[in-house]
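Labels for the chains are A, B, C and D, by order of writing; each one numbers its residues from 1.
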Amino acid sequence: MTANQYMFILFALMIIVFSVLTVTTRKILRAATFLLFVLVSTSGLYFMLNYQFLAAIQLSLYAGGIVVLIIFSILLTSHISQKFESPGFKKVIFSALASAAGAILAIVTILDYNFSATTIAAKEVNMNAIGKGFLSVDYDGYVLPFEVISILLLASMIGAIVIAKKGGPAKVQTTTLNKE
Amino acid sequence: MDILSLFVVIPVLTITAILFLKDMKQVRVVSAIGMGVQLVLAAVLIYMYLTARHSGNTDEMLFVKDYIWYKSLNIHYAIGVDGISVAMIGLTSIVVIAGIFASWEVEYLRREFFISLILLATGVFGFFISIDLFTMFLFYELAVIPMYLLIGIWGTGPKEYSAMKLTLMLMGGSALLLLGLLGIYFNSAPGGGQLTFNILEISKITIPIAAQRIFFPLTFVGFGVLGALFPFHTWSPDGHASAPTAVSMLHAGVLMKLGGYGAFRVAIFLMPEAAKELSWIFIILTATSVVYGAFGAIVQKDLKYINAYSSVSHCGLVLFAILMMNKTAMNGAVLQMISHGLMTALFFALIGMIYGRTHTRLISEMGGLMKVIPFLSVCYVIAGLASLGLPGLSGFVAEMTIFVGAFQHPEPFYRGVTILAVSSIVITAVYILRVVAILLLGPTTNDHFTHLPDAKWYEKISVVTLIGAVAAIGLAPLWLSNMIGISLQPIVTKILAITPF
Amino acid sequence: MSAGIPVQYFLILATVMFFAGVYGFLTRRNLITILMSVELILNSVNINFLAFNRYLYPHKMEGMFFSIFVIAVAACEAAVAIAIIINIYRRFTTINVEDVNEMKF
Amino acid sequence: MTNFGYTIWIPLLPFLMFLLLGLAGNKLKAKLSGLLGTAGLAVITILSYFTAYKYFFGGENAEEGFQKIQAFNTVWLNLTDKLHIDLGILLDPISVMMLVVITTVSLMVHIYSLGYMKGEKGFERFFAFLSLFSFSMLGLVVATNIFQMYIFWELVGVSSFLLIGFYYTKPSAVRASKKAFIVTRFADLGFLIGILILSFNTKTFDFITLTDPSGPAFSQSTSAAFMGLSVMTWSMIFIFMGGVGKSAMFPFHVWLPDAMEGPTPVSALIHAATMVVAGVYLVARMFPIFSLTAPVALHVVAYVGAFSSLFAAIIACTQTDIKRVLAYSTMSQIGYMMLALGVSGYGGHEGLGYMASMFHLFTHAMFKALLFLGAGAIIHAVHSNDMTDMGGLRKYLPITHMTFLIACLTIAGIPPLSGFFSKDEILAAALHSNKLLFAVEYLVAGLTAFYMFRLYFSIFWGKDTHYHHTPHEAPFTMTIPLMILAVGSIVTGFIPFNELVTSDGKPFESELELMVAIPSVLVALFGIGFAYLLYFKTNGLPDKVAGFFKYGYKWAYNKFYIDEVYIFVTKQVIFRYISTPIAWFDRHVVDATMNLIASTTQNVSFRIRDFQSGQIQKYAFVFITGAVMLAILFIYFLN
């Protein structure tokens, strides 16, 4: 066993264990913490796959951004000490069965399939290539999705503000009340 | 622009004009003007048609125009008229203008009311000028939808129920119809080649008999639902009873004729072989309609129900005559459509006006109205006499043409059924006279009714227009009958050419 | 760095993560935990993309770009979702999906 | 051939008058509209007399008999290639005769009405309807084809309906008008079916073609048969059914007595002189077909006529409403005419019955109109219809008395009044063909004399009733028509009908048969004598006689309960056992089926609504399970 195999096993175990814990723990803040661990481990996998840029994004955006956002919303909406009531037995069984069946099917299929290793030389993924890829209109160029995603980000930003802004129907109601 | 498209364009322009009106009082004036123009246009069309025929134009359809609007399915906006369509357009324009005047005093959502009414008229006019099956179907649906709104919003009594029932049953009919039309479409080129929706082109070929046996009943029943074919007529009493006056007029007067016209133009014309083979089934159904509707009308208590059942009876006669498949009977069928359209519109107009005064439609609560509102009462008697087939009014002409035509059928079975249908004239007399006697004659029973006002000017216009048309057809039917007769020639030729299977 | 690890391992790992997310999506009642489950699912997809890209098509960059976009979309989605969740909380004082059934007939 | 084109104005003028009075009547002064109507009719009366003179004595026809002349004809409606409805004017002996009858009686009635209806509400409406009736009746008699006849047949039915129901606020009048229309309408159904069968077989409506003994109607006579009778026989029987209805023969007579609810001039015009004889006219019009191809149908005509005349005469003896007595008497006399047609043959002296029938029609129109108008004058004076309220009126109403007596003597068949001659011809015709019918008619002759004089004595003699107002003689507008008609009743018997109106248009010889005439006069005198005994002075005899025929009297008084049978059929059978179940069936079976389809759809959708629980996790579960299952299916089973 080489070192990177150990590393892989470590990350894999962490991901599996914490994923399962994320969806089963009955305390919400713990679930968020476990999710953070999963995301961090995933970024480790990205390093192993030699996608450093992506791993960095994973760390900063996911682990640093989204999880924090989630924790904030947890703090806004839930009592930290509150434990969920455990979901119904039937629900657990059936969901577990469905998920397990899906997982087994997928795994069996993956193992059945003969992946042929490629001999083509790997392309160096450096920042230069990524930058060019984003802004190029050639083959391997992603300027259109880039633009689209930027619009999407803007839209969701505005959307999030509008939706979350205090008011809406409730506010109209209060003002009319005040008038009276 | 060709004259036929104007029949669709003018209503649309009227609707647009109404949309931008500020003053609600102008709405009805604009509607009346728009539909008045339409009436004049119809007169011009009849004149142009007769002139064209007189000058020796023997085309099956005149004023034909053809624009493609959906290429991949070969759907055209194809229009053209023959004598039958021209007659029906004339009928429609008369009934529509009478309907506009009859609803002169609609207060609630007046703008929307007139828009729906004219939209309905647009659908009807479009239906009559189309010679492309798909376009025809489109206009047909266009006519049915406003009906739902008109009954559901401006109706009386259990209007939501009635509107829903009427629309759903008609939609059910049009579902069958769509199947039938698509069936025709996919069989329109049995030898290979471009499929078509064009009636004239389809009529030149013979649809395979196996397909006809499936699609003839579908098409016929689909149109038959609208034509109140037994046992699919039950939307008619409820629908009419709940509908506002003008809508009853348009519906019974014009929309039900779409059924008869379609059954003739599509079902029989395109699939005569199956029609001949299966006619006995529908002959029994329609003859049942005729007698059954008349008997049903005898014991009704509500004026509109009486008239609805009588419509079932009279419209049954239309389909009955169409199925006899000879020139005279079909001529009678078209005449009956026109005649029934006019006189039933008259009936509903009068019922609406009487209801507007007495606030009841139960005949048992009324009596002796002749003394109080003589004008309306006399008109009601005239309508009744037209309905029971008094010579000199249109009903007689139509019924006699049908009876004589149907009795020329070579097979004794059909002649026997004809005698059954003829017997309806007595039953009709019974229920008409019953109503007239209870409603109008005798002493005035209810004190509240002793000071009712007689007809206003717009009501007089509405009623007199219709009576004038009824009497004109009744007194001088020859030109109309000939105009229709000439146009029936192609189908008669087609029927005569049928080789029995 | 990935030498000696077959591609299947990555795929199996992603599968497990994916179905863990699915399980969470099915069983959780709290909207935020459901959102977390969705994040898990998205993550597993990313792993797959990258693994395929690295092992089978190392001369291309589609997998990586796709992952970047997925992450971006996930970020948007999380922002909007949390906004909605907070709004729901204000309205109903709960974020339990089974209690939020105004739209049900 | 002489030009008769102007005859188009004979029916057209009343029609224009109807439109004028009907549309603008309420704007005109009542008196003016009455005068207008009368003047219009006077004009066409003159035209008709002129036509009759020109036709019969124009000198061109006498040699080969009177031909049928089509004075005017236009196509009104095309039906099939061969069948078309025409409107036109056909002149032949019977139509010309009818023109004279109708215009004469109608003019008399118009003049009479000017006085009788004075001050009534709806005066101009009355004259409008009278004009409509005159138009329809004239159109009927001059019809060139059977369909034209049917058209006007319906129109006279409607005018009759309108005039019976003239007093529309009176419930009994409304009922009577409704009854008259529906009963005759039912009979017309038979007429129409007859026309359909006839035209299907002969391919023509035209009278000239139809009645031409070498025409298509006759070549068809041996064709298809149904239930033992030929098609022509069936069609003739059906057509005769129309005649039965219009002429109030048994069993369609029930409407006629009730029709007396109308104003009396109307009864005189429509229900005595003109419209009710339309049935006789119809049979006469179709006579060659009846006689030559459908003798069975002709027998039906004879027996129906004979039975009706006897039936009506018996009922007439028991009624007390004077107009009803006259109505039954009308029915009885029309039965005579029908019988005469039924026993007649075609051509020459064989056609004696035909001639007699037309002769009687002519004389009957005069004396029956006179009787009704006289009755109207009486009613006008005492304001009652019931003869038990009357008595000794001869002192107050001298002119009415004299004319009424003349009419009674005429109808009883006392020579030399006109009724004697025409009745004698009928009896002679019956004697030559059917002894049973002959005997029946003798009996009826006696009964007729009896009930007419019962009426006469009860009204003008008998007890001296005390009246609230002293009855006074009617104004001259009413008495002049009475006198004119009385003169008509006296002199028309001397018209040589055997030279003018015959079955084949050729004159034949006929003389008074004393063997028939003398007994018939004796029978009539016996009837008169019996009536004199019973009713000349008030005594208990009538009650004793009634007691003697106890049940017979009761049945006859109640008109043999035919009305009750009709009421049972309409009220019970049609309303209760046909219409009500059909209406119920429609609502609770047909419509309920439609509603069932709707409610089933609704129920099903309520059931399957649970699948759409609104719970996202359930959806997700179903989605994932489905996806997994589909994956398994595609990977392992469909690969």
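The rule we apply is simple: a residue touches a chain if its C-beta (ideal position, glycine included) is under 8 Å from a C-beta of that chain, and two chains touch if they have at least 3 such contacts.
From a predicted model like this one, the values you see are computed outputs, not experimental measurements.
Between A-D and A-C, more C-beta contact pairs are found at A-C.
Relative to the whole-protein C-alpha centroid, the nearest chain centroid is that of B. Seen from the Cα centre of chain C, the chain whose own Cα centre is farthest off is D. If you average the Cα atoms of chain A and of chain D, the two centres end up 100 Å apart.
Measuring from the averaged C-alpha position of chain A to that of chain B gives a distance of 66 Å. Chain geometry summary: the mean Cα position of chain A and that of chain C are 5 Å apart. Counting partner chains per residue, chain C has residues 22, 26-27 touching two or more of them. Under the contact definition stated at the top, the residues of chain A that touch 2 or more other chains are 94-95, 98-99, 102. Contact annotation for chain pairs lists A-C, A-D, B-D, C-D, with touch applied as defined. Of all residues in chain B, only 165, 168-169, 230-231, 233-235, 237-238, 292, 295-296, 298-300, 326-328, 368, 370-371, 385, 388-392, 396-397, 400-401, 403-405, 407-408, 415, 418-419, 422-423, 425-426, 429-430, 433-434, 437, 440-444, 477-478, 481-482, 485 touch chain D in the complex they form. Within the complex formed with chain C, the chain D residues making contact are 609, 612-617, 620-621, 624.
Within the complex formed with chain D, the residues of chain A that make contact are 94-95, 98-99, 101-102, 105, 109. Against chain D, in their complex, chain C makes its touches with residues 22, 25-27, 97-98, 101, 103-105. Taken together, the chain D residues at the contact with chain A in this complex read 621, 624-625, 627-628, 631-632, 635.
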